[in-house]
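Heads up, the next two complexes both have subunit A, just with different partners, subunit B and then subunit C.
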Partner chain A sequence: MSTATTDPAMIRLGRFLRDNPMIPLLVFLFLLIATLEVMRPGIVIPLRSGRDGLISTFWVGNLIKFAIPLAMLAACQVLTMLTAGIDLSVGVVATVSAFVCATLTTIWGVPAAAIVALATGIIVGAVNGIGVGIVRVHPLIMTLGTGLIATGCLQVYQRLFINAGSEIPEFLVWLGTGRTAGMPNGLFLFVPFALFVLWLMRYTGFGRLLFALGSNEQAAKLSGVRAWQVYIALYVLSGFIAALAGLLYLGMIRQTSLSLANPLLLPSVAAAVIGGTSIFGGRGSFAGAIVGALILRVLDTMLTLLQMPEGARTALFGLIVLAVTALYVRITGTR
Partner chain B sequence: MTEPALLDATGVAKSFGAVHALTDAELRVGKGEIVALMGANGAGKSTFVKIITGALKPDTGHVLIHGQQARVGSPAEARRTGLVPVYQEPSLIPDLDVLDNLRLGDTPVAPFVHWVKELGIEDLVLNEMIADLPLATLRIIDLARALASDPDVLLLDEMTAALPTDLVERVLKTVRARANEGMGVIYVSHRFTEISELCDRASVLRDGKTVGDLQIEEGVEERIVELMLGQKIDLGQREIAVNTSTQSGSTRLKVRDLAIGTKVSNVSFDLYSDEVLGVVALEGQGQDELFQALAGFIKPTAGTIAIDGEQKQFSHPADAIASGLTFVPGDRADALLSQRSVRENIALPFSARIKAWGPLKMRHEKERVAHAIDKLQIDTRAQGEVQQLSGGNQQKVTIGRWLATGVETLLLFDPTRGIDVRTKRQIYPLVRELADQGAAVLYYTSELEEIQLACDRAIVIFNGSVVDTIDASEATEQRLMRAAYGLTGNEGAA
Partner chain C sequence: MSNFLRKNAWVIGLSILLALLLIVTKMIQPSFGASGLESVARAALPFAFATAGMAVVVIVGGIDLSVASIMAVCAVTAAFLMERMASVPALFIVLGAGLAMGLINGALIVLTRVPDIVVTLAMLFVWEGVALLILDSPGGKTAPWIQEIIRDGFLVDWLPKALILLSVCTALIWGPIRRSKLGLSIYATGSDERAAFRSGVFVGRTKIIAYGICGLFCALGGLSLAALTGIGEPVPGPYLMASVAAVVLGGVVLGGGKGGLIGPIIAVFILRIIRTILTLMAVDPNVTTIIEGTIMVAVVMLGTAATMRGAKT
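This part shows the complex of A and B:
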């Protein structure tokens, strides 16, 4: 920590950035977009009259569309990280939710299928919450474990429903791929969702307790907080959000698979950390995580443009995430 | 003496930042001598012990062993020069067996076994896990290990604290016998009975300075107590009169025959509404456990706690709070969200119950918090993070939290530890005022003069039991100190 900066100017800069974490994040996002434009002139700013306008609404819409499920899963990480926890089951929960919904729609219809799908998220979340809050298993292990269990259950479930076939609900396809005035319809879900999370964190007693538990669980206990209640509610909420993100993702990808949303797990953690949320608890911002998700999407686009083989791309992506996070933490002196 | 002393420490000073823990400490231990090292809480005893054993480096002064400048660089070096410490906490690795622990320290096994038997433990199995052994046995193992390395000087830090009486006698006898063969002993203890039985001299520390070196003889206890007290900083006059009409209020808290683990054996007292009841005890006499049990952190093993005549059992601090018992711990770090604002810290209990998880009642919260800040005169220039406040202001925040929620019974554990005199002077009248408004306050303090400044009565705890109850008017520091050291009744009797 102390080795990071000794130059007073750097310290001042670090302090400024720590107090205004959104500024460097947005600057970084626009720098990345500018780089992208240099790499492939015209992708962001087509500079031609016509349907796209000065700035390509198609490209911006696409960027936002794919960032939405990532940002939703990042919300799970921000909320759990506030209490010094983490939720590594969100990728699997989203996958399970999508798979269950797609397969049950043919049998029970859309509303029932969607409700059952969301319920799976709540169940996994409840198990996580009981494990973390009552049995006091470390969240890392607990959510990793429930993620594996859920993956196993999904495979069993797939054998049972092998003949039923699957169907993607119309509504989810509209939400996942449709556009209104150039912007993805996913925003109809995401904007209210984001406002809810921001409100929850800042203006409710529950939000206060998340920060309190992550800052000093002993002090919270002393003040009469029964931590297990908060943990159960928190992980149930996280599971629910993940299941919801899974449904949206299903409509976006329009196919089912046993590992549909799993690759989103690590980016969701990375988006939260890049957005200034401390994995040690007590500090975090969902607004930051949203920008973090956008940054990761732009990075992904850049790597796609480089036309590298899949393996190299994945490796490079991981490397960049590490570098960006390390740099950000270094500059702002947060952890 | 022509022969150089085994250990000779002179002019030792040590500061931590602005805090002068030691200014001029000295200690001399001759061949075959047993010297008690004494001092009240905060006199600098533990710092001095750390310097003697080489765990800390002194700023000035030196420690001579065998008359040679033994530049004690590390505890291992001190051991090599012949000084072996036995600390209050057994320094054994719990997940290894006894034999492995001996191997780690290169302790010869045969003499170790001899000393263990000599010290009164006949049936020790060497491949038993340390974690499975009782605390008393561990302390004996620690001592036997030290004796087995054949030290020139043995340092015993509160050696007898966790031992039953029969083992205490064996330990004292063995140490005396070894001293008669020429070993020097530094004996750090609070227990006058043991000191007068075992020691030849007593060296007294006060405010980081060695203020006396006395031969142990009849009536020396009184002089030691006087030396330990000395002159203190004036903390001001009492501003609000003692609650003369004692027990005008009802019995708020009734504690009967409370026992908690091995630390608290028998504590009974009544706490009335509209009074401040002081608690006086030396370190580690069970006061920590008493407060934690009352606050709902730990469960008592026996006895009862009744509030307003109703028996209560707490399984969580939330239960205690629901019964009106609110706790301000001794260590502020346990109570504060250091990265959060003053407001969030004070308002924390508001959100604790599930019913209050919804939207914050901003106006209500603002009013209550402003009231508490105003009442305590908290300096809120640094609003952003509580960790930027001074220690005194941080302490006020921990108290303010309960002012904002409403005080019925306040458990204050050493609320003025490590804070400046000005803040202290603000806290005493505040505590009095709370009591005058009908609150009951239990007030543990490590500074004896505070009893007369802030309390109506005081109970004294020694070795897990209440040994005395004293009215504030009679609670002179002498009287309290004597009681805290377990010296009761007629003058001078040990």
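This part shows the complex of A and C:
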């Protein structure tokens, strides 16, 4: 760091990057994609391996398709991290919502099943919100606990409903696996969703309340913010988003399982953190988290291409997440 | 005396709760005796070591999300090595490996200045991958004496060996540290990092050592896990959540600086005995998970409410 503190150009670069955190992220994403192209010529640019097209829409579509659920769960993390919280129940909530929807579709039909599935997310979110906002439990503990409870409930529920069989709604399959003009249909859900979250964070009073509570909770309370109401609304929203992501993921994977979306939990935290959201609150961007999700997916593809053993892949994934975050902290000088 | 009571009110309360729960167990199942106590102590062993490790890092003001993964690495290393070489050197290699993994965690946190939650989250993946590289499926074999050392009672039936082992290991590791300058530094760093730094505490070094201690406890947890099952299992168990819950229930404040190791370890036994009671009452194991989670959340809620009231008055 000694060079950075003595060299004015480095300071200026650091400040510039701190003001525009998206630039290093996008640069990193494109560097990764370039590396991928070097590793397996033609995967991104089919022209080079003698096929048509400058950019493979199939590959880009696939990348986006698998990044969407991750980015949606990362939205939960970004929103809760703004208030110095975290939502570790999202993986379980998404799983529960997918499972409930798949099993209830055969009995009640698609719309009712989807509504019940989304309601489960809202219920878990409300419990989280009450715990965090009114009883003031640390969000990490609260959401871990509700996640545990929800897993237990899911197992009991599965016992009761296993005979009914399961069915994946057509609409979700279309949304999860279908493509329009080469791009995944999931974008029909994700683009409005992303715009909504960006609008919520930047242009609404609610978004400003989140930033205010995260920057200085005491000051926000003294300014008349009813913190508990904000927390409950926030965690309910987070639970709802997680349930929605679960429905989408169900259509994508086309299988029900008791741990469907659980592996997405830690990557969702990683995506939010890579995207420049501070785990201590008050600073974060959803656009960054989307790029973070894309970066994680490209990394995933890369490690799969290298045909590494499962263990090495997992370990390398962790190291890369750590390296990216460390680099980011170094460049921007933020925490 | 009253000073002692006030200082240790939480631990004493926990002990009373544990005693009450043991009485309840005895009432539900009159035949619950030495063997029942022994099996509870044995099953609680990996949980207790994970919790002890977690407590140390929480006291220093951090959190280690990778405890379960470090335990998995240690368990597979133990099972892998003991199949191939003498068990005593293998034991020391495993302890060294645990310590090294903890020190690496701590060093990364201090050197990269990335928040500890993020670093240990990333390291959770790394250690999990390492465990899979050592053994890609459950296998290996632990030495018979390691399995013997935690089984049955010590001298009398009523004193499970597992409990003795736990007390001795914890006392040997934490006792001297707690009373030394290092222990003071750990508590100082946890309660106010900046103030500790200005008072001349080597904050970075203290943190690294605290994570190293956590790694050592995790190695013990991994060893007891391998001893319990007789093999090495590369997939991490549910120890992260359980250890955080037990740490909080045990009176260690998240954020650091307060609490000790005795409270969290008693809390582990409380959580395990509740599970035993539910099993004895023939509750569906899935419902048990729900009840356990609810109890965990409720306890943490009550604990938080109590500290808030304490802070106000």
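Methods note: the second predicted complex is superposed on the first by the 322 of 335 C-alpha atoms of A that agree within 3 Å, B and C clash if a C-alpha of one lies under 4 Å from a C-alpha of the other, contacts with A are read in each partner's own complex, and residues count from 1 in each chain.
Here, a residue touches a chain if its C-beta (ideal position, glycine included) is under 8 Å from a C-beta of that chain, and two chains touch if they have at least 3 such contacts.
The shown structure was predicted, so the numbers you read here are calculated from the model rather than taken from an experiment.
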- Message: Going by the contact rule set out at the top, does A:G224 touch subunit B (first), subunit C (second), both, or neither?
- Response: first
- Between subunit B (first) and subunit C (second), which, if any, makes contact with A:L322: first, second, both or neither? second
- Should A:V38 be classified as contacting the first partner (subunit B), the second (subunit C), both, or neither? neither
- Message: Is A:I55 touching anything from subunit B or subunit C once the two structures are fitted on A? First, second, both or neither.
- Response: neither
- Task: With the two complexes superposed on chain A, say which partner A:V191 touches: subunit B (first), subunit C (second), both, or neither.
- Result: neither
- Message: Looking at A:G282, would you say it contacts subunit B, subunit C, both, or neither? Reply first, second, both or neither.
- Response: first
- More subunit A residues in contact - subunit B or subunit C: C
- Is A:A112 touching the first partner subunit B, the second partner subunit C, both, or neither of them? neither
- Item | Contact residues of subunit A, present in both the subunit B and the subunit C interface | none
- Item | Of subunit B, residues touching subunit A in the complex | 295, 297, 316-318, 321-322, 327, 329, 333-340, 344, 347-354, 356-360, 362, 401
- For subunit A, which residues are in contact with subunit B within the complex? 203-206, 208-209, 211-212, 215-216, 218-226, 229, 233, 282-283
- Message: Please output the residues of subunit C touching subunit A within their complex, sorted ascending.
- Response: 63, 108, 112-115, 117-119, 121-134, 136, 234, 241, 244-245, 248, 254, 284, 286-294, 296-297, 300-301, 304-305, 308
- Of all residues in subunit A, which touch subunit C in the complex? 86, 131, 135-138, 140-142, 144-146, 148-149, 151-153, 155-156, 159, 266, 269-270, 273, 279-280, 309-319, 321-322, 325-326, 329-330, 335
